[in-house]
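Okay, got some structures for you below.
Here come two complexes built around chain A, the first alongside chain B, the second alongside chain C.
And now, the complex of A and B:
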């Protein structure tokens, strides 16, 4: 084992971690907001919007992210009206294209996850809230959103780990994040195993940290499940 | 040149090549799924076994191959496989660089990934078999192999169909990444067609539509298989 080489590789790859994290956090943020919009259209009751949301989810979940990313990166620049519009300076940047396509794609998956979360909200709780006069935004904020989000959380954390892995595709539109830098190192040094080892460790640690944070969030959001634990001496309450 | 001509099957049309690419994508995914099925079964058995070392190894495999970006694994198999092949070739006196054929590299890489996912599917399916049936089979003196053939395999396969459907969809989309090794699959063909005609938008839309056809058709096929496999099961839980 060539320790100095591993050390040097790790240092080079770690320098690319901020780029991976930026891609990840921006796309999760915008993808989440977009997913809320899509799920609102899907379950809102308007048949036209609902059909549109269905189509959106079908298209973005059914085709590979890479083709979506290439469509945004290469395809949009083909049109004159986009090249001459005010969004072009942003769309010309590979980073913006990568975040845009990652967010569009994850919104499709996340919308479905949120929809299943919404299904878990018991109708009687909504009825009760309505009975005491809650409506509209207050009903969503106090009753529907907390229950739905809590139920969606396990599936959502899986999706978030998928997103960490998906950021690797940004290297194919010339954004230098961890996988892109690793690929460059491999083709420069031909030492595949060592570079892979370093990059894999980075991704596994990132995923582990994110999953821990999500588990902590789940723990925080479900105090009612812990409160019910029996207080028998010697038996620790089991979370999860 | 009109759209019909560009996408058609004539001398200057790309239609035939795109369909060939789609066929290549299907072949690659099918090979990878079969490879993953074997790997997944072995790893699931390891994770369910009494042996601690086997459990650890199984857990390590599924963690690594589900947590590291697919692109990185493709690089590992393609570049790593090629340098291993070159080394073996050098041992037998073959001079120069030997590349791993991109179909084999791609099938191997996607197979390794989908094997990790399938392992979890099979493990879950095995755990869904009622304990009593296994004990009953043991009680009337069935041997391990007979028990596996008569009791375990039919039920695991039945319970695993929805999960395998998900893994298939995932692998179909992951197979698009194999295009980085130069394999002429649907993704790569769309890219080449887009590049040489400068009609990026058109060809990425066309490629995306073909992927959508593949995913939605296989979705229907798996739904059919699920209904057929569970025709002897009492309707109820999980069936809407």
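And now, the complex of A and C:
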């Protein structure tokens, strides 16, 4: 085993991790916000918006992310009104295109995940909130969203891990993230196995950390689903 | 002088599809009244209670809470509240206790109790906590304040739900079969709390199957049958000689 080569490869690939993390965090952030908008349209009660949201979810879940990314990167420039608009300087950037298509795609999946979370909110608990005078945004913010988010969290963790892996596709629109840099190294050294192995280890470590964080969050948010905490000194004994 | 009218309901009608559940119910509750609503299942008593705080919207009729009339308008041929703000305000003045408690499962008991005063009434947190702790003390579950609803017995959960409703300082308390979901041995602890509330002068409307409560705690009993008020009177009148034949038959099924 060529330890110095592996060490050198790891070093080069690690330098690309900030780019991978930037793609990941920005697309999860914007995708999440967009998902909130889509799920609001989907369940908000307006039939036109609801149909639009259904269509959005179908298109972005039903077609390959790579093709979506190519359409954004190579396709948008063909429209004169986009090329001449103020967004063009941004859309010319491969990084912006990659984040945009990753966010658009994850929003479709995340909207469905959030919708299932919403469906799991017990109507009785919503009724209890209405009965004390809550409605509208207050009801959503205090009761519906916290319960829905807890239900959605396991599926959402899976989606987030998928997003880390999906950032690899950005290499195909010339963004130099971990996979892109790995491919460049391979074309220089022809040592496919070692380089991709190093890249895979980086993704595994990233996802391990993210999954740990999500598990911690889930644990913190669900004390009500665990058995009652052991008695702390000074508290009264349990009756019955 | 007669005491103030806390709640006045006039001629409430409600249908679900073609089934007419309420056929013109009227009722006045004065300060300190404890009114038991009795009736077989399907007689409309729960629907009536839910119409009062607009969890169900009546098709016709008038509701006045502490002198304030709930404004209704007709929209697409249906009777709907004119102002969501007014509905929210009225609901905040009516405490509701549900058959299955309906506590917020992701919050501790204390958080359940302070939620309304803190976020709906927007009162200072320290005050809300102090009052909530006093209320939990009063219903006898102060030591459970940091527990979650799932960790409590049904009776404890219902007492927490009563404390949650009381934290809003309601003008009228509505109880929708508060002991029907409880194991028999837990019914007593909830009834004791309701009894002490009644003795403190809280105005209460109680849909119940607990004949002892109707008889001994309430000062008025209303027996509903097929969406109408069949009998209305003091417990002495109804449980004595004044009850209708239908009421006699109904209480007969309880073996009393």
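Everything below uses one rule, namely that the second predicted complex is superposed on the first by the 227 of 240 C-alpha atoms of A that agree within 3 Å, B and C clash if a C-alpha of one lies under 4 Å from a C-alpha of the other, contacts with A are read in each partner's own complex, and residues count from 1 in each chain.
In this text, a contact is a pair of C-beta atoms (placed from the backbone, for glycine too) under 8 Å apart; a residue touches a chain by one contact, two chains touch by 3 or more.
From a predicted model like this one, the values you see are computed outputs, not experimental measurements.
J.: For A:119, select first, second, both or neither according to whether it touches chain B, chain C, the two together, or no partner.
T.: neither
J.: Could you say whether A:83 touches chain B, chain C, both of them, or neither, answering first, second, both or neither?
T.: Neither partner.
J.: Chain B or chain C: which reaches more residues on chain A?
T.: Touching more of chain A: B.
J.: Go through the superposed model and pick first if A:146 touches only chain B, second if only chain C, both, or neither.
T.: second
J.: So in the superposed three-chain picture, is A:136 touching just chain B, just chain C, both, or none of them (first/second/both/neither)?
T.: Once the two structures are laid over each other on A, A:136 reaches chain C alone.
J.: Touch check for A:161: first (chain B), second (chain C), both, or neither?
T.: first
J.: Contact-wise, after the overlay, does A:71 reach chain B, chain C, both or neither (first, second, both, neither)?
T.: In the superposition, A:71 touches chain B alone.
J.: Is A:193 touching the first partner chain B, the second partner chain C, both, or neither of them?
T.: first
J.: Taking the contacts chain A makes with chain B in one complex and with chain C in the other, which residues are shared?
T.: none
J.: Over in the complex, which chain C residues touch chain A? Could you list them?
T.: For this pair, the touching residues of chain C are 53, 55, 84, 87-92, 94, 96, 98, 100, 102-107, 115-116, 119-120, 143, 147-151, 153, 161, 164-165, 168.
J.: How about chain B: which of its residues touch chain A in the complex?
T.: Result: residues 63-64, 67-72, 75-76, 79-80, 83, 172-174, 176-177, 179-180, 187, 190-191, 194, 198-201, 204-205, 207-208, 211-212, 215-216 of chain B touch chain A.
J.: Once bound in the complex, which stretches of chain A touch chain B?
T.: 58-59, 62-68, 70-71, 74-79, 161, 164-169, 171-172, 179, 182-183, 186-187, 190, 192-193, 196, 199-200, 203-204, 207
J.: Which bits of chain A are touching chain C when the two form their complex?
T.: 122, 124-125, 127-136, 138, 142-143, 146-147, 150, 221-225, 227-228, 235-236, 240
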